[in-house]
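Down below are the structures I want you to see.
Two complexes, one shared chain (chain A), two partners (chain B, chain C).
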Partner chain A sequence: MKFLLARQALILAALSLLPGVGQAIYFRDKISWRSPIPPSEMVSVDQARQWADSAIWIDARPDNEFAGDHVPGAISLNEDRWNELLPQFLAAWSPGKKVVVYCSAQSCDLAREVAERLRKEAQLPDVFVLEGGWEAWLKKNR
Partner chain B sequence: MKTQILTVTLSFILCLTARAELKWEQTSVELHPARGDKQAIGHFKYQNVGKAPIHFKSVHASCGCTAAQSQKDQVAAGEKGEITATFNIGDRTGTQIKTVTVETDEAPNQKTVLTLRAIIPTELEISPTFVFWKQGDKPAPKTITVRAGKDFDVKHIKVTSSSPDFQTKVEETGQGQFKVDVQPNETGRPIASTLTIQSENSPKTFYATARITTAPTVPVAPGAPTIQKAPPAPAAPTAPARPSAPTSQTH
Partner chain C sequence: MKETSNIESPGNDASFGVGRSAFDVRRFVWRILDFIIAAIFIYAGVLKAFDPVQLAHDIDHYKILPWTIGVGLAFYLPWLEIFCGLALVFRLFYRGALSILSALVVVFLVATIAAKARGLDITCGCFGHASQNWSFPAHLALDLGILAALCALCFCSVARARAGTSPTPTS
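Then we have the complex of A and B:
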């Protein structure tokens, strides 16, 4: 009796694994997950505000959202017009300055992508993504 | 024994069939936009294989660069349709992964994530895209590496500086790779230049920036005033400057 139960349990376990294995094989190149941003590359609103003038704020949202409202003094830099906007940002940047990039929410990838390009392509140090994004800044400041 | 196995198998099959009524042809689309394309459009086809109509509660793209649209709000039993995701390429490069989250009234809190993966051809890889000297530094040359992207055959590139204060020198290092030496005439004053990089047989222009920066700012100690102040107004033009008296180097 025990043997039968164990065998049925094994069969059930094997059957339950089948869809997962099938999906993993079928979508092996198409899984769109991304690892979370390392904590060392994130900054909270409070910490970023403490940096005061030694930080440059980058708004990675699309132009219309930036035009609607943004962190005072923030510079618009999005990938829609990267080539056009990047020189404006680089003109404001100077060695020793920290860069705080935000977009509309933590789930939004825009800030992460802009931060990555600044680190990889422009090879800038001290580029951080704002925790909670624009909404977190609004919550703390309005 | 046979009855038990039959019961378990039937339960398993019933669970699978009752899982979802909206059947997606595919939930992941890979797009290969051509050079110069402004948009990449993904079509996610579905069919309501259940017996009751389904309502779309929300169709939400992961970023502002992607617009997702449903043909209809309600899908009758047996009806087919599609969600269209339009991704604006802009100045993006490389592999871009965007998602569209679809919520229906099939089951509470059940969401389907549609994935659009766009492989944007990269003609030239430029590293770094920014070189700078601190004011007063020795005006030694700095190197920018330009590499032809996969599937692109680049034999010559032309580099033009928007400012005569910077000199550029291009050297081919083989296998579609180039070394661009950038050197300021002097570093006594803050100046900037947009370097325009063009390859033969391509209308697309690439950019890099060279700049003499002012002296570094003094770091602010923790606990300093928390009022956010605006950074200095940008001094650069709003668009990559077209040189009036360019200095260029071709290889």
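Then we have the complex of A and C:
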């Protein structure tokens, strides 16, 4: 009976793989397997620096980390004090400017969440997440 | 060992008519429960299969698995739920489907409780956006209800198999 049950479960598990693989191929451009952020919404440190004055840098880390050190000219905008900090950021932003959001490292979610809120709540276009975050910026600027 | 038989003998006692009727009603009730559980999983699977990107993010919110594995599961789990639901409807690979679905619900329950214990604000994504605003107790109640139903179906299936192999099957 146990063998029969395992065989049935295995067949169902294998059958489910087929459409799953098909769907993964179909959605290959819409989701990255390496990071929760789609490649089209990420920007490298080098590319972001080339944008120079046409970009605003947003530090999505908590206040104490921002106070410790941050990208020169960056504005603090984190989810803890969202309602308080958003107007300050919007005052500095102007149409046509790109927004580069970063948090501490590649693995952190804060930048992605802030970028998503900026797109959805503030309706801002051209919001990008910095690849590698603050760590990557530090490496390139040592 | 004989394969699971879905056909049970009502017995050959004097009150055959009454026994047969009770047998039919009971079988009908179990079948309805099959359909309800199947419908829940097929519905949940179809909703999630339409938006695997959102499901990958929902899985990621639990902070248990690496992103890559979460993406793989986001493509795989909805179809597993759909196929298992269909297996319950058509009674093909019936016990295999029941065991997979039970395991899925247990894993989901553990993950939800673990996430809550770590203070994570999660959306389960079980029914796509429909379940986004469900409270933690609502999630738990639904999952425990489904798990109880799956366990009942498992026991019923085992009991039927035993009755089927018994020399004097009873209704």
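Just so we're on the same page, the second predicted complex is superposed on the first by the 107 of 142 C-alpha atoms of A that agree within 3 Å, B and C clash if a C-alpha of one lies under 4 Å from a C-alpha of the other, contacts with A are read in each partner's own complex, and residues count from 1 in each chain.
In this text, a residue touches a chain if its C-beta (ideal position, glycine included) is under 8 Å from a C-beta of that chain, and two chains touch if they have at least 3 such contacts.
Keep in mind that what you see is a predicted model, and the values were worked out from it rather than measured.
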| item | value |
| --- | --- |
| First (chain B), second (chain C), both or neither touched by A:13 | second |
| Winner by number of chain A residues touched, once chain B and chain C are compared | B |
| Partner chain(s) touched by A:56 [first = chain B, second = chain C, both, neither] | first |
| Chain B versus chain C as contact partner of A:66, first or second or both or neither | neither |
| Contacts of A:36 with chain B and chain C, given as first, second, both or neither | second |
| Contacts of A:102 with chain B and chain C, given as first, second, both or neither | neither |
| Which superposed partner A:21 touches (first chain B, second chain C, both, neither) | second |
| Partner chain in contact with A:81 - chain B first, chain C second, else both or neither | first |
| Touched partner set for A:92, first chain B, second chain C, both or neither | first |
| Contact residues of chain A, present in both the chain B and the chain C interface | 4, 8, 11-12, 15, 19, 27, 30, 34 |
| Touch list for chain A against partner chain C, complex | 1, 4-13, 15-21, 23-24, 27, 30-31, 33-36 |
| Residues of chain B defined as touching chain A within the complex | 1, 4-5, 8, 12, 16, 28, 30, 62-65, 88, 90-92, 97-99, 113, 115, 117, 126-130, 132, 134, 192, 194, 205-207, 209, 211, 213-214, 216-220, 222-241 |
| For the chain A and chain B complex, residues of the former touching the latter | 4, 8, 11-12, 15, 19, 27, 30, 32, 34, 46, 49-54, 56-57, 61-62, 64-65, 71-73, 75, 78-84, 86-97, 103-104, 107-110, 120-124, 141 |
| Interface residues, chain C side, partner chain A - complex | 1, 3-4, 49, 52-53, 56-57, 60, 67-68, 71-72, 75-76, 78-80, 82-84, 87, 93-97, 99-100, 161 |
